[in-house]
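Common to both upcoming complexes is subunit A, partnered first by subunit B, then by subunit C.
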Partner chain A sequence: MDFLYARSWDEALAAKAERPDAVPISGGTDLMVDLNFDRRRPDALLDLNGVEEFTRWERVNGHVRIGAAVPFTRIINEIGSLVPGLAIASRTVGSPQIRNRGTLGGNLATASPAGDALPPLMVADATVEVGSVRGERTVPVREFFTGPKRSVLEPDELIRAVLVPVADGPQQFAKVGTRNAMVISVCSFALALHPARRTVAGCIGSAGPTVLPTPDAEQYLEAELADRRLWDSRAELDEAVATRFGELAGAHARPIDDVRGTADYRRHAVAVLARRTLQWTWTEYRRAQR
Partner chain B sequence: MRLTFDVNGVGQQADDVWPGESLLYVLRERMGLPGTKNACEQGECGSCSVYLDGTLVCACLVAAPQAQGRAVRTVEGLATDSAGGLDHIQQAFVETGAVQCGFCTPGLIMATDDLLANTPTPSDAEIREALAGNLCRCTGYEKILDAVRLAASRRTEVTP
Partner chain C sequence: MTATTAIGAGLNRIEAAAKVTGAARYAGEIPLDGHAYGSVVQSTIARGQVTMIDADAVLARPGVLAVLTHDNAPRLHRADDTDAELLVLQDDRVRYRGQAVALVIAETLEQARAGAELLDVTYQPEDHDVVFAADHPRLYAPEHVNPNYPTDTSVGDVDAALASAAIVVDATYSTPAEHNNPMEPHAAIAQWDGDRLTVYDSNQGATSVRQALTTLFGLADGAVRVLSEHVGGGFGAKGSTRPHAVLAAMGARFTERPIRVTLTRQQMFAMVGYRTPTIQHMRLGADADATLVALEHTAYSQTSQVLEFAEQTALISRLMYAAPNLRTRHRVVALDVPTPRWMRAPGEAPGSFALESAMDELATACGVDPIELRVRNEPSVEPDSGLPFSSRNLIACLHEGAERFGWASRDPRPGVRRDGRWLIGTGVASSTYPARSAPSTAAATALADGSFVVEITASDIGTGARTALTQIAADELRAPTERVEVRIGDSDFGQAMIAGGSMGTASWSWAIAKACRELLHTLHEIGTVPPEGVTAHADTAEDIKAQAQLSRHAFGAQFAEVRVDVDTGEVRVPRLCGVFAAGRIINAKTGRSQLIGGMTMGIGMALLEEGVMDPQFGDYVNHDLASYHVPVNGDVHDIDVSWIDEHDDRLNPVGVKGIGEIGIVGTAAALANAVWHATGHRHRHLPIRPDRVLTSLA
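After this line comes the complex of A and B, so read on.
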């Protein structure tokens, strides 16, 4: 096995072009488990820890541009107020030790439907900056995943940064697991309200081959909020509306039975999480007025 | 490959390191530092917690070559003041009976050290969150929480 070091974005791209078989490693929280248990023996590893720009974030035109290797701990501590949904989800990742190493770039590249950061990135309409020696491109997170652990990344491409719009309204994330720390989610749900556009966005985690948007639930809720003029009145949301939103969101789940839970349980739990996140975000929206 | 890095303040070198081996393996098998424990090898148990350039990490999830040129601090490097003595966190674990089989202890002590460095007077909720990545199968955790509270109270006395 070869070990390749990169000290800049250009060096990393050159190394990946020359050795497309090299597996990138940053926090190592997924990859090292596979190596330790002999599940994977890549011909080469490409270490990204030396690429300083990957560890930076900056504000750009109403967005936060988060370097691919900014660890979850820093997302929570440094930009939590700008991207609250992502910060809430980041707090549920692993343990302090894991959050100190795990990164957004790793969550995206691994492309597991259980990646905790992915539903909040979907509902925030984030985009992924990827590149190779052939050039750079941006991919909406909504178009990034093609299947379980599969994405649009080409073998010579690397993730450079994630561009997340600064929250324009309340955001929430909820996750079901057997304990409060160190769990791969049984299922999860992220919700964002966009009051300026009068739209909402939901996304299911860990209950399908990829993270899944919930268009039927969104259309229903947007129509209800418009018909009842709730964006303006900020009146209380009918319990029945929240419940129906949850049911419609749950119907978008495409879960399987596995060691962490049954498909039936996941479909039910997604509906509950969708209802709760709606109640939390709506309460926050109502309070924000005063 | 050759690995050159700093361990507990001393420059070290390891030769014939396999690029896919973990920092944990290097510390235990090549550096002769068995304080950092090997249990789950998947970041689940926290027994291998060490500082990498001052950040608390699971040594089993760091590829050894990633430590090149960097500074690692293990549980053996905590008690720096007195020869063979214990630091105040280790002493608190002893006094409160927070140690049974002892396997999880080094990791819990490292996690406690990291907590108290950043949050000198933690709430119980903060203690639980900070130790959430460290598993103990003997104590039931209550005495470990006692140890952290005791260490925090002493640290506050020392550095008001």
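After this line comes the complex of A and C, so read on.
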């Protein structure tokens, strides 16, 4: 196995262009598991740990631009208040060791429906900056995943950074696992309120082939909030609305039975998480008034 | 009894610094000159025959030295008591999926593993039968249950008593397969020197491994030496010789080089034993005043086609409560599955789940407090055998625990306490575990510089045994612990009990105490220590044979509080409380850790652990730690462990009962009882998964 080492973005792109079969390695918390279990046996690895710019984040035009190799621990500690949904999700990843090593770029590229960073990125309308020697492009997270563990990344492309709009309203993330840490989600749900636009966005994790948006639930809730003038009054949300929102969100789940949970359980749990995250975010929105 | 200074103190582990700095070497790390690596090839069918193994391609690969199969592997000898799982590569039969069918030996671990994965094995598969059920047509009554208890017992007339009982509880409980998974995977490195064999092995008892290897390879007594200075956990999975050690010795003989065999985590799920699934039928009958008139415990379990392991699941019901009509039965079925073995408190752990849940159901049916029910049915002698107890402080544990836990204010009604989305409940269960000792030998030496060396083939599997034995030896020798070195884990020290059955410290301390007393006696006679030192040897075989017939058991009480999420069915455990009566506690710190560890494992048993059998392929699908879940720090909150000051001088010279296993006994029942109290729903099947809870709440 060849081991390629890049010290800059350009070097990394050049190496990837020359060896599209080279598998990038960042934190290694997904890839090393695959290698250990012999699920993958690449001819070459491309180590991205020498690319300094991957480990930086910066604020640009109302966004946070997070380098592909910023680990979860730093997302929590350094930009938690700017991207609260992502920070909440980051706190639920693995264990301290995994959060120290695991990165946003790795989570995106793995493209697992159980990737905990993905639902909050989706509801925050994040975009992914990808590039190759052929040029660079940005892809909305909503369009990034094409199937289980599949994304729009071309063989010669790398993820450079993720551009996340600074939160314009409350955001939440919740997950159900069979234990309290070190657990792949049985299912998860992220929710963002966008008061300025008067929209809401929900996203289901781990209950379908990819992370799944919840348009029916969103439309229902947006209509309810508008009809009842709740954005302005910031009045209490009817329990029935939250419940209905949960049910509609749950209906978007496309779960399977596996050792982590039955499909029925997942559908139900998604509905519960959707209802709860709505109640939490709405309470926060109401408090923000004062 | 000895005056104590060291005993009881919370001495830190003597080898702690060596362990945290990496200086302590485990079996898989011992470097021997010129050693190579063996990688195990496992069968991919559950039943049938190996028809061909084409090793040529693998032998042609770089670094590959040999491929051992049933065609060329050294022939093994068997005695009457030979563990058939150890007769590896002796024939072409496949008896379970994951059985060793070849060993690929190469210069490096990577070359060996790559070869093992590429080895071309052809099978003639046969239909397999891997699904355990209580109505399986091939269930039978074994001759005895593990290790040597009667299969069935009966006192009085259970049927008649049940027919006329005022209150009857009749319920079936089940527990799934559970996997031990100590942190250190099984490993061995073997080296031959003519007809002498040295094996560094990861096990719970070096002399038992020595004996097995001596027999298998047809060697003379004393030709085999087994060393296991440091062992990274066992939970029973290393309680006897396992196939990796035999394979290492075979490989070393074949290649005439030292061979190291280390199992992978995934291989452990098939190759080293696990806890059998159980189905248990309980029938309890009581008078209107909650006095038991009948108790019946029928337990079903599985074994393999390789050998019979019949778990003693119903044993616990023979001694816990005073039922004048008492019947226990065991039935077992041999399936095409890996052989189940010991896992922390075999018998008592699953058995207590059924018995202590049923007692909780009976308390409800009778309308009495669960502690009061146990008090009313406290026996004066062991109900099944009529033997007196050497000591029995169950009631004291229940009362002390009730005090610590705050049981008195408990509202018995189920399903009425709610805090937001959480339903809250509490539960209690009793614990017990046999307190036995087995023959062991030890040597104690006084050196001219005033220090002492004690040698015993004990095994410290992470429990702190080495430290506890040092405390015992120091007190016996009336010396400070710093002047006493206890050497363990070398079969050349002579026969000794394994670290198993919670008998290690009880057995070893006896031999050590005897050797030390003998040594002091000699020193008293000779006055000064000669330059070459002076040694006393002890063997407790005769002492143990001469013991009075008594029922010797440790007891305990466990209390649990749970919070059950009404929407998702998640169960959280804010606190557990365990009070134990287990004789002398040698080391307050490592002793507490043992009990906390047992109770934590009980949380796993209650809520998480479940080996899921794939009926189609015939193996446990979730065979790694990513999908076989044990509790993590986030699942464990407050565990309050304490013990009663118990003096029992009819056990062994130091008054030890053993605490390795009792911690897991009763925990799952206490939790299940608490879930009932929280929700009003009785969970009779473990683990209490969120989906099961949710279905019950719907």
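In this text, the second predicted complex is superposed on the first by the 290 of 290 C-alpha atoms of A that agree within 3 Å, B and C clash if a C-alpha of one lies under 4 Å from a C-alpha of the other, contacts with A are read in each partner's own complex, and residues count from 1 in each chain.
Simple rule for what comes next: a residue touches a chain if its C-beta (ideal position, glycine included) is under 8 Å from a C-beta of that chain, and two chains touch if they have at least 3 such contacts.
This structure is a prediction, so every number in the text was calculated from the model and none was measured.
Enquirer: Just subunit B (first), just subunit C (second), both, or neither: which does A:Asn49 touch?
Expert: first
Enquirer: Which partner does A:Pro96 contact after superposing on A: first (subunit B), second (subunit C), both, neither?
Expert: Touch status of A:Pro96: first partner only.
Enquirer: Could you tell me if A:Thr262 is touching subunit B, subunit C, both of them or neither one (first, second, both, neither)?
Expert: second
Enquirer: Pick one for A:Gly27: touches subunit B only (first), subunit C only (second), both, or neither.
Expert: First partner only.
Enquirer: So, does A:Thr178 touch the first partner subunit B, the second partner subunit C, both, or neither?
Expert: second
Enquirer: Of the residues on subunit A, which ones does subunit B touch that subunit C also touches?
Expert: Residues common to the subunit A contacts of subunit C and of subunit B are 33, 95, 180-182, listed in rising order.
Enquirer: Once bound in the complex, which stretches of subunit A touch subunit B?
Expert: 1-3, 5, 25, 27-29, 32-33, 35-37, 41-42, 45, 47, 49, 94-98, 100-101, 180-182
Enquirer: Quick check on the complex: what are the subunit C residues that touch subunit A?
Expert: Contacts found on subunit C: 117, 567-570, 572, 607-608, 612, 621-622, 626-627, 629, 631-635, 689-691, 694.
Enquirer: Can you check the complex and tell me which residues of subunit B touch subunit A?
Expert: 1, 18-20, 22, 41-44, 46, 49, 55-58, 60-63, 65-66, 68, 111, 114, 129-130, 132-134
Enquirer: Which bits of subunit A are touching subunit C when the two form their complex?
Expert: Spelled out, the residues of subunit A in touch with subunit C are 33, 38, 95, 176, 178-184, 186, 259-262, 264-265, 268-269, 272-273, 275-276.
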